[in-house]
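Labels A, B, C and D are assigned to the chains in the order they are written; within every chain, residues are numbered from 1.
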Amino acid sequence: MGRELKGIYQDKFQREIEIPIRVRYSETDQLGVVHDSNYFRYFEVARMEHFRSWGNPYGELERSNTLLVIIDMECKCRSPAYFHEILQVKAWIHKMTRFRIVHHYEITKNNKQIIATGKTVLASVSKEGLPIPLPDPLRNVWLRLRERKR
Amino acid sequence: MGRELKGIYQDKFQREIEIPIRVRYSETDQLGVVHDSNYFRYFEVARMEHFRSWGNPYGELERSNTLLVIIDMECKCRSPAYFHEILQVKAWIHKMTRFRIVHHYEITKNNKQIIATGKTVLASVSKEGLPIPLPDPLRNVWLRLRERKR
Amino acid sequence: MGRELKGIYQDKFQREIEIPIRVRYSETDQLGVVHDSNYFRYFEVARMEHFRSWGNPYGELERSNTLLVIIDMECKCRSPAYFHEILQVKAWIHKMTRFRIVHHYEITKNNKQIIATGKTVLASVSKEGLPIPLPDPLRNVWLRLRERKR
Amino acid sequence: MGRELKGIYQDKFQREIEIPIRVRYSETDQLGVVHDSNYFRYFEVARMEHFRSWGNPYGELERSNTLLVIIDMECKCRSPAYFHEILQVKAWIHKMTRFRIVHHYEITKNNKQIIATGKTVLASVSKEGLPIPLPDPLRNVWLRLRERKR
């Protein structure tokens, strides 16, 4: 996450992303619906895709000394999702502090019927597990996004 | 869930349960720790075990017209868990209303080091997805547990 | 799976399908690679997508009295796959008898580097678990595919 | 995996292990049975438990330069397993060559009704992915086990 990545962060980053995920058979349970724990896996897919859209695959962050670990996660399930349905999974950064990133999520189907909403809090830690500030390039994207919004 | 189950509920039920779960290799991720979504699976194992200890396997509830579906779930991750560690997963009923059960959870290792804490809210619904009151026997256990506590 | 579905099966069905699957973070293990059990989940996604391309979502088969259950599965892992790589998962019907369907699979990345190959055998059973012949429409597609090949 | 582990390997190791695994709700699919991919996760739990019974947690092997990676896996599913059933998962070493370990598995319930049987082949590779001979202590356990059998 050194200076060499800075260029990548200069434009075209978005605050949110929305991706389609088709429910897999293996993700259903005997109730005939998506097993709830999978919503966090869908959230993760969207979150990672979002980082990727910023030119910053999560893998690179990990290979540097910065780990983003989940310290808080929440999900409210509004209505069930079924095998082979296509869900729209939206993820966006709600807040970024020096040490944390708060994502919000919304899963819908069939033109905006809400399936689930959620939240995760990522903490920036070193490989040794100690808190370290988020890399500057990441912070800078956020600061610019906030300005743009105004 | 008719009258025939009532007898089973008459004694020996506890408000909480604690079970050991050994971390499986397949539950780790490339960070070398338990993938966070699995905590909800551990919570579920403890919750089901707790229902079972009441003489009321979850499967029976499902075979009746009562489904307990998750409408809210939360988890705070305090420190990581690793492959082949034995975790203690504690689940207890925090509250039961006519239509909902709120469970709380705590996962520890090594004599009380906290790994994660959590919460789920189950709603009682019919097979058609409509809210129905929780079965009386279940409610009665809860009411007696509350009395006992005083 | 009665006569009313016959029309759907008349053309455009292919013997094989190839779909891209991007490796999810939750699918890696502490070795830093895709956990092997996930290959069967990828195979399943491709198999289901293939049924779907025939106009016959697997869900419909299940809602009729015909279940396709796995009785045999194999996978040879040639080289590892990593988080965020895009894998090409190819599935094709190798053989169909009156009671069974044999699928073969091949997972590649980076223009044909082989990650894994596999096989599953599905048996056609009734909801009661007894063997029943595969629905005629499904058999007919297969017979026409075989002719076309010659 | 140096000399210091040798002592541990001197006795009490068994060729096979049998452990109980209770089916989790999250392991079922919408067919109402254990999703087939989970059998490989159960096999893995038994295999790891077996290594552990030899005084050689898999984690230690990994921390040394020796990785055991799956190159072949097979499973035959004979009859379904259901939520909350207790399965007996038996694993044993069928063969060990200089570079490979072949495990066989059998999952039963209710006093020997067979649910699934399986096989995995592990290859010994370095962290760089190159074949390296299995550590001597591991090989020696195997050689002694074979002698004992005669």
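Couple of notes before you dig in:
We adopt the following convention: a residue touches a chain if its C-beta (ideal position, glycine included) is under 8 Å from a C-beta of that chain, and two chains touch if they have at least 3 such contacts.
Note that the structure is predicted; figures quoted are calculated from it, not measured.
Using the contact threshold fixed earlier, the set of chains in contact with both chain B and chain C is A, D.
Comparing mean CA positions across the assembly, the chain most remote from chain B is C.
For the pairs B-D and A-B, the count of C-beta pairs in contact is higher at A-B.
The rotation that brings the Cα trace of chain C onto that of chain D spans 180°, given to the nearest 5. Between the Cα centres of chain A and chain B there is a gap of 27 Å. Measuring from the averaged C-alpha position of chain B to that of chain D gives a distance of 30 Å.
Counting partners per residue, chain A has 25-26, 30-31, 37, 41, 44, 83 as the residues that reach two or more other chains.
Residues of chain D that touch chain A in their complex: 25-26, 28-33, 35, 37, 83. Those residues of chain D lying in contact with chain B across their complex are 24-26, 41, 44-45, 48, 52, 57-59, 82-84. On chain C, the positions that touch chain D within their shared complex are 30-31, 36-38, 40-41, 44, 62, 67, 69-80, 129.
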